[in-house]
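Structures are listed in the sections that come next.
Below are two complexes that have chain A in common, paired first with chain B and then with chain C.
And now, the complex of A and B:
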């Protein structure tokens, strides 16, 4: 099992395409940081209008913690795409290359192969999130300094004391890893059905976009299905920047995402064990 | 001799297309088993079923006497295969590809063994190059190295000469002969190029529209006395009459003006030529038709006619 996992990870990180994801995260993050570095005060002023009328806010408001929060919020759609780029390619890409045929002439079980593909996609996702944490949080802290964090919401704001922030980010990144693992498992499932990686990648994004639109529309006709979709739960990480932290809601979201992940993975194993390899 | 692979009543359909239709055969240890059929005859589908890539609709596969199915993939440990194209990871070196697939073979394979197998297929010195820079022939040889590296008892090679130039085809033939002769491997090799099978195989199976037409030892199936020899002359006056009156008449299969076709052993062609010259026929051409090709075409033609 470990041998297969090592090989899968080796293949992922030997491919130039993998590093495009890390490059994209770096590029987007730097662009946002640069924009906030030059025009951050106006940006912040716009959001703080209502607050400044009633409160006297002092100190380094535009600090690394707030900038990281803005970056994470901006990358809601991009990170799933970057995860799908690798997970969606894992089976379909091998089928397209023709290497799936060669892999499955070896004495390894198909279930093990799917599990190791999933685990390697998870490890890639984890490393991508760690990379995001480094460039979004730690680089922002270096560029903008630290201070108390203000989480500005549509109808309120939350002030989080400086020494109370980092553990929240740690939990938020853990939650984001879980959410992205759900995306990885969905991509892997779609990848098992296809013989070309483009289909699963586009389909994954299509499903995420359609579900997100359904949730944002708030139409009564969809109200009874929205709680069962996984996309509303993907933003559960935001809860760690509330006061008090809604642990019950975050827990429900985490369980929903974990359940979806297990269902997607089980469906992949079931289907792949019955699939004729004709590619 | 015990069978290394045996199939019993294999069936496989894709939609309404019957790819394999009740196929039963066995391959004995030490054989070079030719799997012969036209494109679409069901060769690749059968080989994929033996390798667990495709699941039969019904029927059984036995590897070393044990029933093979998806839950018994460990039986593939002693088989190496190149199915259709030798596709590999182009962004990795030949060495990395070999190392990766060797590691998946569930056997302890040393670096020395990797070098040894590269030597066998003639890729020493090119192993550090990226596979995307390899020629088709080099990819094919790397594919065989991957199939060989874990020292399997049986090699399954699906159309191994596809896409190769004449030199590559000759090298592949030599390699198969070496694998069988020097290394004692059992080889199952498919081809639609009939003379290839004749040159490397000891046993063979002819498959057509998913059905077995005939199987057995090549030397038994290809009786040299059945070779078709055609003769063409420029002066055809009384050509057929004189032939009919001679000892060659009983070997004659068909005639046209100025030409005749005989079923005979090629060793008597010089005698036929001598007779023609002695009877003042000016010989334009004597051609021995490929025995296996004629044999194969007659078999498939018969099957088509029956259907």
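And now, the complex of A and C:
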């Protein structure tokens, strides 16, 4: 099992496209950091106009903690794509290259193979999130310094003391890993249906985009289905920057995401076991 | 025999006389109070500050408050963010008392928390003054205002309650509670992409909750002054 997992991880990190994801995260992060470094005050002034009218806010507001939050907020759509790039390729890519049938001649069950594919995608996702934490949080802390963190919401303004921030980020990144694992499991499921990696990647993004639009439209007709979609729960990491932290809601979101992950994985195993492998 | 006219004059004067004396007492008291407030040219104070506004979630802020007469005020939080109400009148009692010539109306004495207080209404002569009317509750024995209710031209009504302790001789409070008028606060959700703790809940219910929370309201700022250093000659650089 471990040997197969090692091989799967080796395959992921041997492909140049894997590193494109890390490069994209770095590039987007640096662009946002550069933009905030040069025009951050105007950006902040726009969001804080309601507060600035009534309060005189002084200090290092645009610090590394806030910049990291802005980066994570901005990468809502990009990170699922980067996860899908690898997870969507794991089964369909093998089928496309004609190596899937060869792989299945090894003395390993299809279930175990899917589980190892999922586990390797999870490890890739985890490393991508750690990379994101390094470039978005730690590099921002180096560039912008530290201080109390502000969180600007549509109906409230939250200040978090600087000695109270890092553990929130730790939990937020853990939650983000769970959310991205759900995406990885969805991509893996779609990958099982396809013989070409492009389809699962595009389909994953299509599902995420459509669900996000459904949620953001806030039309009453969709209200009954929105709680059961996984996309509104993916931003649960933001809950750790509220006061008080809505643990119950975050817990519900985590359970929803975990449930989706299990369902997607189970569906993948079920389908892959029945699939007639022709390539 | 005294004429009717002379009798009326005596009656009129006898009614007015006590009022005139009382008005002078109130005016003297106000000017004495203002003079005492102006004794403090500057101070540095260790403070704890609690901002209680429904749409703001801010923990208790510890820091150092710097004040320089007449109106420079700064909260330094040793690397942290500081928030002070943005008002033309700020957190010092001297700024809640109108400057220049004023008309003082002596309301008389009231009793509050077992303490006899002299109530004054103060109207500035200057039409352009941001303060339209100030109502002061003065502890005559200690010559300090324990409450100020100031109606301003641009910033609504500001109510300040002061509790004095060991710095009463300087007229500096140990505790200040400031009640200020606040405007609504709302940002489009499309910009902030909030985490919905109850996704799919009726938009009306959510909007109602948010609107209720931010609708034109009062905010309270409570400051505990732990230690003062008075008249140390603070430079203007400290406020830049």
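For the reader, a short list of remarks on this structure follows.
Basically, the second predicted complex is superposed on the first by the 279 of 279 C-alpha atoms of A that agree within 3 Å, B and C clash if a C-alpha of one lies under 4 Å from a C-alpha of the other, contacts with A are read in each partner's own complex, and residues count from 1 in each chain.
Simple rule for what comes next: contacts are C-beta pairs under 8 Å (C-beta built on N, C-alpha and C of every residue); 3 or more make two chains touch, one makes a residue touch a chain.
Because the structure is predicted, anything quoted here is derived from the model rather than measured.
In the superposition on chain A, A:153 makes contact with chain C only, not with chain B.
In the superposed pair of complexes, A:42 makes contact with neither chain B nor chain C. Of the two partners chain B and chain C, more chain A residues are in touch with C. Legend: residue contacts after superposition of the two complexes on their common chain; A:238 is shown touching chain C, with no touch to chain B. When the two structures are aligned on the shared chain, A:273 is found in touch with chain B, with no touch to chain C. Taken together, the two structures place no residue of chain A in contact with chain B in one case and with chain C in the other.
Partner chain A is touched in their complex by these residues of chain B: 48, 51-55, 70-71, 73-77, 79-81, 83-92, 96, 100-101, 103-106, 143, 146, 156. Note for the complex: chain A touches chain C at residues 47, 50-61, 73, 76, 146-148, 150, 152-162, 164, 215-216, 218, 220, 222-227, 229, 232-233, 235-239, 242-243, 246, 248-249. Here chain A touches chain B in the complex through residues 3-4, 7, 10-11, 14-16, 97-99, 101-110, 273-274, 276-278, going by the rule given at the top.
Residues 55-59, 74-75, 77, 79-86, 182-183, 185-203, 210, 213-214 of chain C are the ones touching chain A in the complex.
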